[in-house]
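Structure record follows, encoded as structure tokens.
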Amino acid sequence: MDLQKIADEIVVSLQPRLGEGKVADYIPELARIDPRQFGIAITTVDGETFKAGDADTSFSIQSISKVFMLTLALGKAGEQVWKRVGREPSGSSFNSIVQLEHEHGIPRNPFINAGAIVISDMVLAGHAPREAIGEYLRFMRYLADDETLAIDEKVAQSEQRTGYRNFALANFMRGFGNLDHPVEHTLGVYFHQCALALSCVQLSHAGLFLANRGTNPLTGFSVVSPKRARRINAMMLMCGHYDGSGDFAYNVGLPGKSGVGGGILAIAPGKASIGVWSPGLNKVGNSALGSAALEMLASRTGWSVFGT
Amino acid sequence: MDLQKIADEIVVSLQPRLGEGKVADYIPELARIDPRQFGIAITTVDGETFKAGDADTSFSIQSISKVFMLTLALGKAGEQVWKRVGREPSGSSFNSIVQLEHEHGIPRNPFINAGAIVISDMVLAGHAPREAIGEYLRFMRYLADDETLAIDEKVAQSEQRTGYRNFALANFMRGFGNLDHPVEHTLGVYFHQCALALSCVQLSHAGLFLANRGTNPLTGFSVVSPKRARRINAMMLMCGHYDGSGDFAYNVGLPGKSGVGGGILAIAPGKASIGVWSPGLNKVGNSALGSAALEMLASRTGWSVFGT
Amino acid sequence: MDLQKIADEIVVSLQPRLGEGKVADYIPELARIDPRQFGIAITTVDGETFKAGDADTSFSIQSISKVFMLTLALGKAGEQVWKRVGREPSGSSFNSIVQLEHEHGIPRNPFINAGAIVISDMVLAGHAPREAIGEYLRFMRYLADDETLAIDEKVAQSEQRTGYRNFALANFMRGFGNLDHPVEHTLGVYFHQCALALSCVQLSHAGLFLANRGTNPLTGFSVVSPKRARRINAMMLMCGHYDGSGDFAYNVGLPGKSGVGGGILAIAPGKASIGVWSPGLNKVGNSALGSAALEMLASRTGWSVFGT
Amino acid sequence: MDLQKIADEIVVSLQPRLGEGKVADYIPELARIDPRQFGIAITTVDGETFKAGDADTSFSIQSISKVFMLTLALGKAGEQVWKRVGREPSGSSFNSIVQLEHEHGIPRNPFINAGAIVISDMVLAGHAPREAIGEYLRFMRYLADDETLAIDEKVAQSEQRTGYRNFALANFMRGFGNLDHPVEHTLGVYFHQCALALSCVQLSHAGLFLANRGTNPLTGFSVVSPKRARRINAMMLMCGHYDGSGDFAYNVGLPGKSGVGGGILAIAPGKASIGVWSPGLNKVGNSALGSAALEMLASRTGWSVFGT
């Protein structure tokens, strides 16, 4: 299987659709991005990276960070994590507060905003926000084996100023006793984790441990146990694309996590970690071309977890 | 890998837990069943069947039928099916009517009751209920390669008399124009499909095409294309256990579909089809011991779709 | 105060707006009605009737019947009625099923469809539907002091054939154990009570006991105690106009009950009973011109219960 | 009618029930209050005040302030107020956020928390919080004709520190563009308005204009037009007791507004303004003894707006 050829063909076939979808506009800093960009990077478990298009351009990973923060939180609190956040798809949009009221402040899963904020609160664990953000950044550099990774402070500030919905969610959960820290601290961590800038190549490296039984084959570092890697993949498949998770499973068939910056991390267990990026989003908030690219990739490689 | 030994060990280790959970009591005929039963049958894609416990005892497949009816409906209407029913997890219980109102009569997915009723309506397709039920029964006999399969008329009648919630759902959707036939006809099909009695062995045979790229290796019959088999598996993983689907994906990691009769069909793509059964249900309505058995099986075989 | 002059002026000033609103189209028989009609009848507690416009034309009272059926049910079951139905505004549309699920089959109040169906079930009280309908018809003739009142069988049949939403509500409540009779029987009563045809004059007579401490001054018959009359008025004010009850209280300030046939019964306690009718409905399902007429009437008479 | 005797009898008959209900504990400062207190003051439109029990003890008026702030906002913005807040009962608890999401940030009415926060935002109107609070305090002193009225700063601070749910509501609405000022400013006003301390006597004076066509008979000052007084009364009746408004209308039959401090202001249009207070709350958050007292009062005076 010639992965380079597949990547190149995907870029060519998406060329006419560049600009499709709608760039996220609720974070002012992200609204300015040129939508006519697309990149893909495939890193296999034996350490080879294949890339095409704008695969080295940095973008804001936004909600993709939730996968890495969940990994950190599981490392700190183990299965206790699930006392404060559920594991079920939400059946509603990424920032809905309705279910939170019906279920008394326990978010449905760690990948909707409410759940991710609880996870940030767990990673914070009594430390200053600056320290938790530092820990996250070190973890990401370690995963991607790249010391140049950085958080885009402007994006973080932009969200801090306009993220009313997230302030609402956090205060709401604090009212139910499901946040341990001042709302400003927890959200400080949350906004910064989202503002990490990665390229498709870096993203595919950072997620590679999930494709390889919890160990990063680039560095040999063991990140999580094989069982935990499977479980994180399961959460990604079930809840990684908000209210488009079913569609993504149906059409692509790979665990994946999207962000409103237009990136998607997808995992082919035992095979590869894939980073795609294109800023235009579909109706449920996932990268339109990114989803299309992964559908093509899964179809050509036969990597769907649901059968060949 | 000695699957017979694994099956035997599962039976032994579940012995002390026999009777756990709560037998479904809302269908009077099902409420009488002895809860202290457990069976498992594993049929591999090369046609071997391994069984243990009460693997030859018949039980009411109930909602597991939704997988087979979806297969039939996709055969008739193709991707048009998705105009009348969604593909997303529901985030609520199997018989909730709330989402149906918010989404104007379009059920979230084909495996909650509302969605399955729409699927039954599609299979009905202008025929008399008796004919549609006959078609379904022939299809099931063909899939399981077993002419003895039969519908338990007493169970069907029992549901017909007491299935108020399903009458509510059906009338509700009819009001939105999402049912083409009289409510009594569509539900006649629905109650009969649920009342099919299968043993674990028969169930594992009937589902085998989903593990084997759409073709039943026992008979050589092609049932669906490989792509459609993957897609049906995807729907099972996302929505097969109602509001416990996330938990099942997290703990088991296989596409599966449960029924309130206590049965579960699980698919290990490329490997095997598994039927388990034990009447006691957990809080979200899935077989308690059946779920436990599949977790053990996935753990010992490494069959999780999310990595080894 | 010259009530005849006020009535005449209202007719004149609404003349240019005749035809406003949207005739209810979900009951086929009602959809055919000429929307350019308006009538008003005011009957005072000293027994005088003032009328103008199409005040003698019969129309289908539809949900206005819920007031009279509540009166009957309170007569039979007393305050026990409130064990099966609430007394709070619903905050949702007249035929919503959502709240019913959240509150386990107990409707919010007797004037939304679900609540009214429970009330019909109480009036049925073990009898045949035909007998309950007969009892209701006799009660209405007695209230209006008019033996000619009749149920429009065609309208009743029309609803019976197309009232899927009501079948859904009834089955839903039956599933929760909040209906005592077969759904078809209870709804048979419900559809017939709604299909009663009254003119504005007849309606104002039928409601007069509510304006006069529970006694009909036309006949001298005591219908309910003064306390019960007040309480029924309270329910009308709180819940009589579905999700437009707040607006009606704000603009009109009188207890009232609307029906999708375009009629409204309004009560000025201690003063008068008013029947208005015009088929075009506003967005929340209440007669557009009827509401406007009552606003004018309340303004000119100073009859608002909230002060002069 | 001997109102003094009625007030005295109410105090006597409630004596054995002192301490009933549950003191609001979510505001720490309020949780410490001795529940065994009850007061009532009736001020008639001809300026006489009748009082009994702890009628001169100050308590925190909390949500009763919403009536006075609505009056202020209507004075500033007129009917434009209703573009940012609805007029319908909510059918849910006082601090629910669910409906806010379904209705895109427009609260159902000005008396649930979300709606009251929007009203505070309107009164703020570009000024500093301190100024708006000052304006409110002056208005209240003017209404009650009492320069000693004061805000309990400790209560305001207590809410500011623990009012997560209100911060959630405010941020949520800000996200929808329905707040014009920083959340901290608007809530600063809100928490201070709630922290006003009044006795039953003072409360009955402050509300008297609503019973007297908009004019305070104690001072002769015209506060609002007769029409606006009626409309505010209508809102109180419809929405003044959260999800117990229907019960209050049914049992008492007077416009009223409760607060979690245990106070209730009730208006008998054309007759009197009544202040009652007892800290223990019933299940829906209204003063248990206060509601009982008003039911007795309405029954003995025949003041129900729904008839004598």
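Labels A, B, C and D are assigned to the chains in the order they are written; within every chain, residues are numbered from 1.
Just so it is clear, contacts are C-beta pairs under 8 Å (C-beta built on N, C-alpha and C of every residue); 3 or more make two chains touch, one makes a residue touch a chain.
Here the structure is a predicted model, which means the values were calculated and not measured.
> Determine the set of chains touching chain A that also touch chain D.
Neighbours common to chain A and chain D are absent.
> Taking each chain's centre as the mean of its CA atoms, how far is chain A from chain C in angstrom?
So the centre of chain A lies 55 Å away from the centre of chain C.
> Could you put a whole-Å number on the gap between the CA centroids of chain C and chain D?
The separation of the two C-alpha centroids amounts to 32 Å.
> Averaging over Cα atoms per chain, report the distance between chain B and chain C in Å.
Centre separation, chain B to chain C: 47 Å.
> Chain pairs that touch, all of them, please.
A-B, A-D, B-C, C-D
> Per the contact definition, I'd like the list of chain A residues that touch chain B in the complex.
It is residues 86-92, 99, 108-109, 210-211, 213, 226, 229-231, 233-235, 237-239, 243-247, 249-250, 253, 255, 269-270, 304-308 of chain A that touch chain B.
> For a test of understanding, state which residues of chain A touch chain D in their complex under the given definition.
Interface residues on chain A, with respect to chain D: 96-98, 100-102, 164-165, 167-172, 174-175, 183.
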